[in-house]
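Each of the next two complexes has subunit A plus one other chain: subunit B in the first, subunit C in the second.
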Partner chain A sequence: MKRDDCFHALKRRLTDEIVVATYTSAHDWIAIAPRDLNYFSTGAMGLASSHALGLALGNPDRRVVVLDGDGSLCMNLGTLVTIAAAGPRNFLHIVTNNGTYEANGAHPLPSRNVDFAGLARAAGYRHACTISELADFEAQIGTLLTTEGPVFVDLHVVPGAAYPIDYPNLYRADRREALKTALRAGR
Partner chain B sequence: MTWSETILQTLKDNDVRLVTYVPDNVLTPLLRGVTADNYFMAVGATREDEALGIAAGAWMGGIKGCVMMQTSGFAVAPNTLASLIVPFQIPAIMIISERGTLGEFNSGQALVARTMRPVLDSVAVTHHTLTDEKTLRFMVDKSIKQAVSTQAPVALILSPLLTGGNPVAEAKLKG
Partner chain C sequence: MGSGPAVASDDATTSLHGGRIIAAIKEAGIDYVLSVPDITTAGGLLKPISEDNSLRLIRVCKEDECLGIAMGLAMSDKRALILIQHTGLLDSLNALGGVAVEFRQPICFMVGLLEREVDRPPRQSGRFRIRIVEPILDVMGIPHHLVENDKDIDVIRPGIEAAYRDNWPVAFLIGRPPVAS
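Right after this comes the complex of A and B.
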């Protein structure tokens, strides 16, 4: 299944969730679902889920969805242990898994045979699953968005359409201010 | 008050609710205090860069965060400081227990400690070394206020002069 088709399916189900997206997922997501409740300024590689944990702890009444990458997660695997221990109920961790460090030249990960959902489950996530078919993702995403977290989804994807790669646009300061304003308004 | 009680009370006085940390011997009284007090959200992290990332997200989400680590753990963090905390103006309050000086037994610790202040200077992060209880509250309080008002991180380095240093190192030196 294509990553952007999954993102379109996710977008159709979203209401007031915070979405944290990183690197290639972020380029796709900003084109597909521009909204104030997006957060892209995740800086150092691998930390998107850590940012999301901080956001989730600060906003316990709002769901936080992370669009992580498999390469990104491998740079910060300890995050699974930390998130599981913190146990945020409002946390949905989606890994778009294509076996490559896509933002850095699409080089392969050290291994393609990692069971990321198994790692998350072993770390202590309340729910973890692997999805490889778009129809399955479309059928399950509504439930996954309301399942008590932390929830982990390993999405086996291939890249879809090519979206603009524009980091200055992603990292614009006014996007961060828009997110803060939206969160304050929701309190 | 002990030095650790003063620091924790000053964090509270400044509404710093989140404490992320990677443990260290010298930090023990701080970490015990944080985890025993429901005021704080205590999040143990596996690495220092991860702990900084959590504090960054919390700031975006409306909560002030403190990150506790040891000198050698700080050496994991420069990439995150330079590519996240500084450019995105995250007022992370870093509290760093200082190893590698005033009675260190581990040559690796002694060398890595010498990288800390030059790294902080190179990425323009303000740092203060906390050496005595008399000035402790003033320095912590004013540093937090300045970090938040200027949206810039600060590093507060816990000198062995304040904490008594690492008890393990002390025992080895007595040998």
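Right after this comes the complex of A and C.
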């Protein structure tokens, strides 16, 4: 299952959700689905879900989808506990899992046998699952987008097409302003 | 019998009241407190905050998470205060640089200086990690204010308001354990 195929499937189901994407997922996502309701997190690897938690708390009537990486999540596993305890019902946490620190040279994670959905479930997420086939993701994403959160999905993927890697473009201040404006307009 | 005037126990220059800090936080429009417990502020500040229904407390596992949560809230026009220990601040420098400084975000910290000696400025502390806090904030261009008595509390509201006006972080360094009244 290719990551960009999953993202195309996600894009087809989106309406007014905020999408938080980080590192390699962010490079794919901005090429596939440029929109004002995107948010590209920075600060340290692993904080995408933390940024998303703040957005979910601040916008309780709007769904927040975070496109995390398995390497990123490994750098901030405590986030699962923090998010589960905060309990945002509008939170969908998708981890694209390819077993590597892809943004840092695609070296492997210390272990490729981590059950991330199990970790999320044990931390207290209301729903957690693992998906390895594109057809299954396409069949389930609509339901996952409306299931009461926090919801966790471990997507077992391989990289798809190569998208431009352009961090300055990703982190442009006007993107954040566009998101703020869109959020204010929706209140 | 002493010959001089008695020193009041609530002298504004020698005592620090958590309740007054909380009042200043509320006056500054803070909606959320994001915290990893710190023994300096655990009893006199975090505990009363946890019992105050007008503030939403988010208990966080690790301090750098607070930076992301605070930025997400700021993007949503919600104000947050991060209440942590100086060791956690030091552990979060990468996030502090990326989120607060490079992205110019109004991240407001209240940082307990664990085991800081009250008889000398933090820069002259005998404890290495206390001594380096203010110089590190200086290097990062982050304004900071030492809060070690009730008179110092006056800096909190304008400091937070300036952070949100200028989109720039601020740190309040809690120099002694507040009392909970």
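Here are a few things to note about the model shown:
Methods note: the second predicted complex is superposed on the first by the 186 of 187 C-alpha atoms of A that agree within 3 Å, B and C clash if a C-alpha of one lies under 4 Å from a C-alpha of the other, contacts with A are read in each partner's own complex, and residues count from 1 in each chain.
One rule holds in what follows: contacts are C-beta pairs under 8 Å (C-beta built on N, C-alpha and C of every residue); 3 or more make two chains touch, one makes a residue touch a chain.
Quick caveat, the model's predicted, so the values are computed rather than measured.
After superposition on subunit A, the partners subunit B and subunit C are seen to clash.
Contacts of A:A122 after superposition on the shared chain: neither subunit B nor subunit C is touched. Once the two complexes are laid over each other on the shared chain, residue contacts for A:A139 go to neither subunit B nor subunit C. Once the two complexes are overlaid on the shared chain, A:T82 sits against subunit B and subunit C alike. In the superposition on chain A, A:L179 contacts both subunit B and subunit C.
Touch criterion not met for A:A106: it reaches neither subunit B nor subunit C. In the superposed pair of complexes, A:A162 makes contact with neither subunit B nor subunit C.
By the touch criterion defined above, A:S50 lies against subunit B and subunit C together after alignment on the C-alpha atoms of chain A.
Applying the stated touch rule to the two superposed structures, the overlap between the subunit B and subunit C interfaces on subunit A comprises residues 39, 41-44, 46-47, 50-59, 76, 78-79, 81-82, 85-86, 171, 176, 179-180, 183-184.
Residues of subunit A touching subunit B in their complex: 18, 20, 39, 41-44, 46-47, 50-59, 76, 78-79, 81-82, 85-86, 171, 176, 179-180, 183-184, 187. Residue ranges on subunit A touching subunit C, taken from their complex, read 39, 41-44, 46-59, 76, 78-79, 81-82, 85-86, 171, 173, 176, 179-180, 183-184. Across the complex, subunit B meets subunit A through its residues 18, 41, 43-47, 49-63, 65, 79-80, 83-85, 87-88. In the complex of the two chains, the subunit C residues touching subunit A come out as 32, 56, 58-62, 64-78, 80, 94-95, 97-99, 102-104.
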